[in-house]
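To keep things simple, chains are lettered A, B, C and D as they appear, and every chain counts its residues starting from 1.
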């Protein structure tokens, strides 16, 4: 009879509710709609139990009248301190139970998170280290996006003339097109910097834990983070600035405004970085402009990046697709990228896109949601295109299809394999069906599917999709199944280089 | 970078391996193929963590040379005693590690489970109760199927002239078409029986916990089960026969052979049951033969049941679809039904079908796998049709599509709702997109999709599908979205009556 | 305010309740007494959370009226199948809540566990293997005690002339003094046997997993166990007899009665075993009769064994104390030994003794409870002597005190160490305070404490203690702190030899 | 064989290690001593598994060379942000394994926690609320002690003339004897205050969740805490000052220094509080000076408080003992009280005292550790007095003994009950053995035990104990077993009033 638990995905002010429907959930969903909450019925939410295990807070109200307090605490906890998932488990027999309304305490929604600042001594230490830097580098992370530090950061970057690098979720806090963005020389920047300022970014595997051979063994790190427990993770920082990223950047600005400190524009460091960026741009361009058919990843992303509106929300998941897309697709606005990211969990992309599109439509921003997926990643939750069609959410899905995971084979090779024996015995585990028509899956539900083989088809399909505000589209972009392998001659463009 | 754990779904003799691919799994899959194991790459396996929590046994080998022993214990534990899932978690860093082969203990595959029999006193008690019954009823459960008790049970049913009822997973142990099968009078049989013999069946919610108002409050229960802890669950049995179902039925037969006991064929009980069966058959037939378009559930299942080969494997999940299908689709062979069953977990059907079809093909049985799905259930893992197409598994999927969960709306109503406001606000949570073309999802991957609206289309599509041995088919059977509600005039046909 | 959960240790028919008192528990304890249950308030129950994790069954009633069913299921599950701990967690706010009595279903106490027997084929196989044995050995385990197989086993052992060995918890099923008991040649018996019959005994670490070098690599094993999942653990058995140990031994007897099979008394195997037993007895006796002061372990156990009544219940925990005590203290009756055993959990001994003494007193058996503890083990829950004094439970506690864990130092050495520096720096981690007066702890609460240094003091104190039926006694037996190390010249008497 | 895991309780700089000894731990303890760590072997550490569940961080190093990093992270996490327990589980087979030293990364010990400050706007808001208060109240909590805010707080309290109240763990941050301390009018202060400033204190059950009827429903709360997630728990604060308590109090002082704001000394609020304090002092004094034998709680604590040196560390646990002791025993220095506190976990007191005494001895502070225990609480870990004797730790244990939990009976009544029937049936669950000689338990191990019945005996025993620096003492203070009940005429002195 389905689950007897209801996992409530509660959002600030509870404007939206996302769920899958089983017996006891229907009543909850209807009650939610009755009280003005928008309900989006999904086809498959994964791993509810996993939710509970990896949640920042989990609770099970012991009686009906406790639900409001528990939900308030859950919502507040999800937003205060380091943001995170929370889990409230309401037992099935509560769903249809009744409670005397007078016993339920009215719980107002919590105010925005409290803000804290760094200690003055730590600020002074940090500035001393930064000013002494020969090869400084700012790394802008998810925490800076969450802390809405874009204004202060722009002032810091431009006022002090510092190079910066965004993490995948920090992309867009400052535009990727900003002249001080050195993403195109990422490896070089990380390796040679002598002082790194982490702004809401963690030294996790995406940043190679801050360790050699990717970092200078003598690099000094200045950490800016609102989570005390994050300080000192994987290295001992030269300065630890604990507090709200935005507030702390403003503290730093106050000091530098006083003495007008600026990192010179004519250093060897800037020369090195700019040369490397130019070299990498040339090589990427060479790949992007090959104009072969089937296309390679760089061609595909080159054209997409030219056509996407600067204010769109980019959702991304997949292996090569996510990695190469991070370097080739620019973000221009903060909090406009949803990246499967740190954990590399597959199957979340379409759900992210549905949530984003629901919010965009409701807020009438006129911004589009574009979801760039690998073909394997798409398979985890591909049936959610029905949800998009059902609610007429004009998401543009681009499936970069290489017939496999990491790499596939072409249709001819596949046929040949089929003749060699049982495919469960002979087919490489990484292969998927060649030329699978994911575009027709979209057609199946009334959305608009495009099969794309050439650059022209890609441009035309993407333009049509972006102009359609009534329904979702899916571009099934067939690329060379061995695209990945070819790139290995250019090791600076692989995952380790993201 | 995906999960760093590998969950091995290990099958007896390890002929097959099913997995999803992430970085550390590829090597495992390739190693498996190299040692002759067939590898089936799935698109999305759910809730790995959940696996561990609900497993009968879970372990994490502490070193490489322990893996063989741990896997042997896992496989053995899954088969001995009450069968159940097991979980082995191999840490990512073991995948590419090496071990001195001489340190690895060779572990032979375990023999079939040991067999135990009931105590003679308990057998005597049980027979005394059974012989004293005015209105006896055998309930044949999953445990009888697992215990391969079909031969002995047929002898008991036919030799003693007893009425029987299968549980969903017990269907086919004896053919549903057997004259002593009283499934068509299920509610009456349960309610009026004075002695129930549970043969590997549990008194869980599917059997209403053996309680009034569905059972006689004075009913006597004889439990036959291999799990001691199951004895006495939800009621105190008149006799508890602990052991292997097959062995115990043979013990019972030994005794009844001696005195030639037989339940008379001319009792009021048989008369009651037969009358009720006839009446129900008439009403079902009335619904099944309505010949309306759009069709109702009964029409659909009527025609399917006429065309399915008696030796096919039926996989089923969904709400109404699974419930009504259980009563309308006969099973003729034991262990030829895979039912989402006891827990009602959604999303397992296509995975079950893929596993069954892989085994059938390998064993060359000539038997077909038919997967009957509700449209909501199909959505949980619909992308697995790509897997079927990839491996050319000739599964026949029948989606009984009522545009929703329990019930949907028609296209016209949906359009109207869309005009009334944001669909997230006005659409009933149970509705899905009207007339969603699940058949085109199959076409998208090179399988054969059929859109079915009429009885003729249903028959023709099903016949074509069954004759195609090269690839999977999907019948998207559009039925009246309000089909369920109409049936409520016939409460004896609803879920509680399954 | 203490815990808000109540862990109920529910016993069959719920005659006794053991608990520790915090706020919400008082009411439960009083309610229990009011309904005729005896309540024993303990000083410290360990690891309640651990209980839940290692329980066979754990549940939390969702409402008051569910408690009776949940408790019934818990009690039944703890007794049916392999016995085990169960855990019921009742939330604090239920303790003082009220429920309409008519809504509570009366749940009768469950009958004794159902009994199952082995398959005839397996019996035949087992007998063929046994009859072919040159050097057979029966190993009698906890499962035989639990299954009350003593009568049948005596018939098997004596009727067929077979040697047997008890596991620690199997001691007493047949008397340790039985002529066919080969415990005194344990290592030899295990190593040279060609056919081992496991009767409710597991091949765990206590039996060296059945592996070389402790077992013959070609040994054939016949497993008799009621737990299917236990079959084949750590080796593949020559025959697996699944079912109740008592019933299965009777099945075996039925067959051997028919042909009158008997293992000859004049075999080389019996000669070997008897010679080894005699040799070991000589050496043990040599140690036991050394008559030195301070005493060694063997002296102590020698005198204890001479004075203990044959029908006493022996509780034991500790390292050397438990190991050597197992070999030196005979059990003459089944289920009269409680051994910290398989897991070696420390701190359970006094609790076991309190429970046993409460039951003995209530059943008026006239049997004494004797608790043999190492000094370290005693420290885990030594304050429970207050509980014994409070309820006037005439337990005899014998603390075999070597001033440490495994081994300590004498008072003089300790003084010297104290002068060398801070004792936290210089004292070996295994040492405890020399000559700690555990006997005075007993005096502190009104029991009878004895400080024992010589054989005469030991005999006299034990005789006095056994004659006192009004209160508990404690013998603090000071032995040579290096007693253990000396024994290493006799490796056949160490732990690995137990 | 004991546990196969080792739980390392790692302290800053790892000067001390506390453990219980089982097989694999001995080697660890010896290795610890070899590298200069002091090792204290305890008799019984509770609920290791519970540790893991309630830990802020738990990890299991996957290989030997990871241990140093994992321990560094554990130690750092335990100190940074809100302090908390951490759990590191090292598998048994690592204990004796070897690793190439060059592969182990040297991990320096982490610096003190980073400090953050509140946002200026929040500071301004908080001051506006505080200055508008008619009846302000500061509540000083554990967070203020941990944050070492005593200097700044004294300046705030004295400079602004504000009344304050410590929580149990906040006692001593400012001396309990401070004229602005209104602890003796606790209930009144909480109930009538219109603005409460929480300084590192949580609104948990000890503070009645900040709710009526214990608080004014319109009270405004200013929260000062370093944990963002704590903000808004149980009420919405008028101002939330996120950051280090010490730093924030300094921020507040900066502002009030500017305008010289001061809360007037001649307000009705001060008059009310002072009158109530005087009245309560009179009543407490009346009880304390009754000079009856047996004594009551107030007599006992009156004399203890007169004799304890002001710099001693007070450890406390128990029900009435801890509650009444909190009000009667003053703390004069910060971080000199260890209170079973928030969770009311029993059995931790003696362990706390051992740890404190080890540190005091090592740091040569000349400060004494005094452990005030209820008789029930003492029983949870009373065997640890052997540990104190073994390491010659001069802890003074005062057991306030009322023969029971909450209340007991006298020896005469107990005898009478014993004649009425089995004590397990008739004895109240809360009673313990009358006049149990806990003092003799101390004597048993060579410490100094005192049986105390009168005020004179109490004073003399305590003076002797405090003058003995060589060994621990235990005062077994027999009080009127019904002492608690008598006090109920004075409801303002009960638990709810703490």
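Assume contacts are C-beta pairs under 8 Å (C-beta built on N, C-alpha and C of every residue); 3 or more make two chains touch, one makes a residue touch a chain.
Since the model is a prediction, treat every value here as computed from it, not as a measurement.
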| item | value |
| --- | --- |
| Of C-D and A-D, pair with higher C-beta contact tally | C-D |
| Copies chain B and chain A - interface residue numbers shared by over half, same or different | same |
| Chain located farthest away, centre of chain B as origin (C-alpha) | D |
| Interchain centroid distance [CA atoms averaged], chain B/chain D, Å | 58 |
| Interchain centroid distance [CA atoms averaged], chain C/chain D, Å | 40 |
| Inter-centroid spacing, chain D versus chain A (mean Cα positions, whole Å) | 45 |
| Multi-partner residues of chain A (each touching 2 or more other chains) | none |
| Chain B residues within the chain C interface of the complex | 56-57, 73, 76-77, 80-81, 108, 110-111, 113-122, 226-229, 231-233, 236, 240-244, 247 |
| Touching residues (chain side chain D, partner chain C) in the complex | 1-2, 16, 19, 21-22, 25-26, 29-30, 33, 38-41, 43-44, 46-50, 53, 205, 344, 346-347, 358, 361-362, 376, 378-383, 386, 389-392, 405-406, 418, 422-425, 427-433, 436-441, 443-446 |
| Of chain A, residues touching chain C in the complex | 62, 91, 93 |
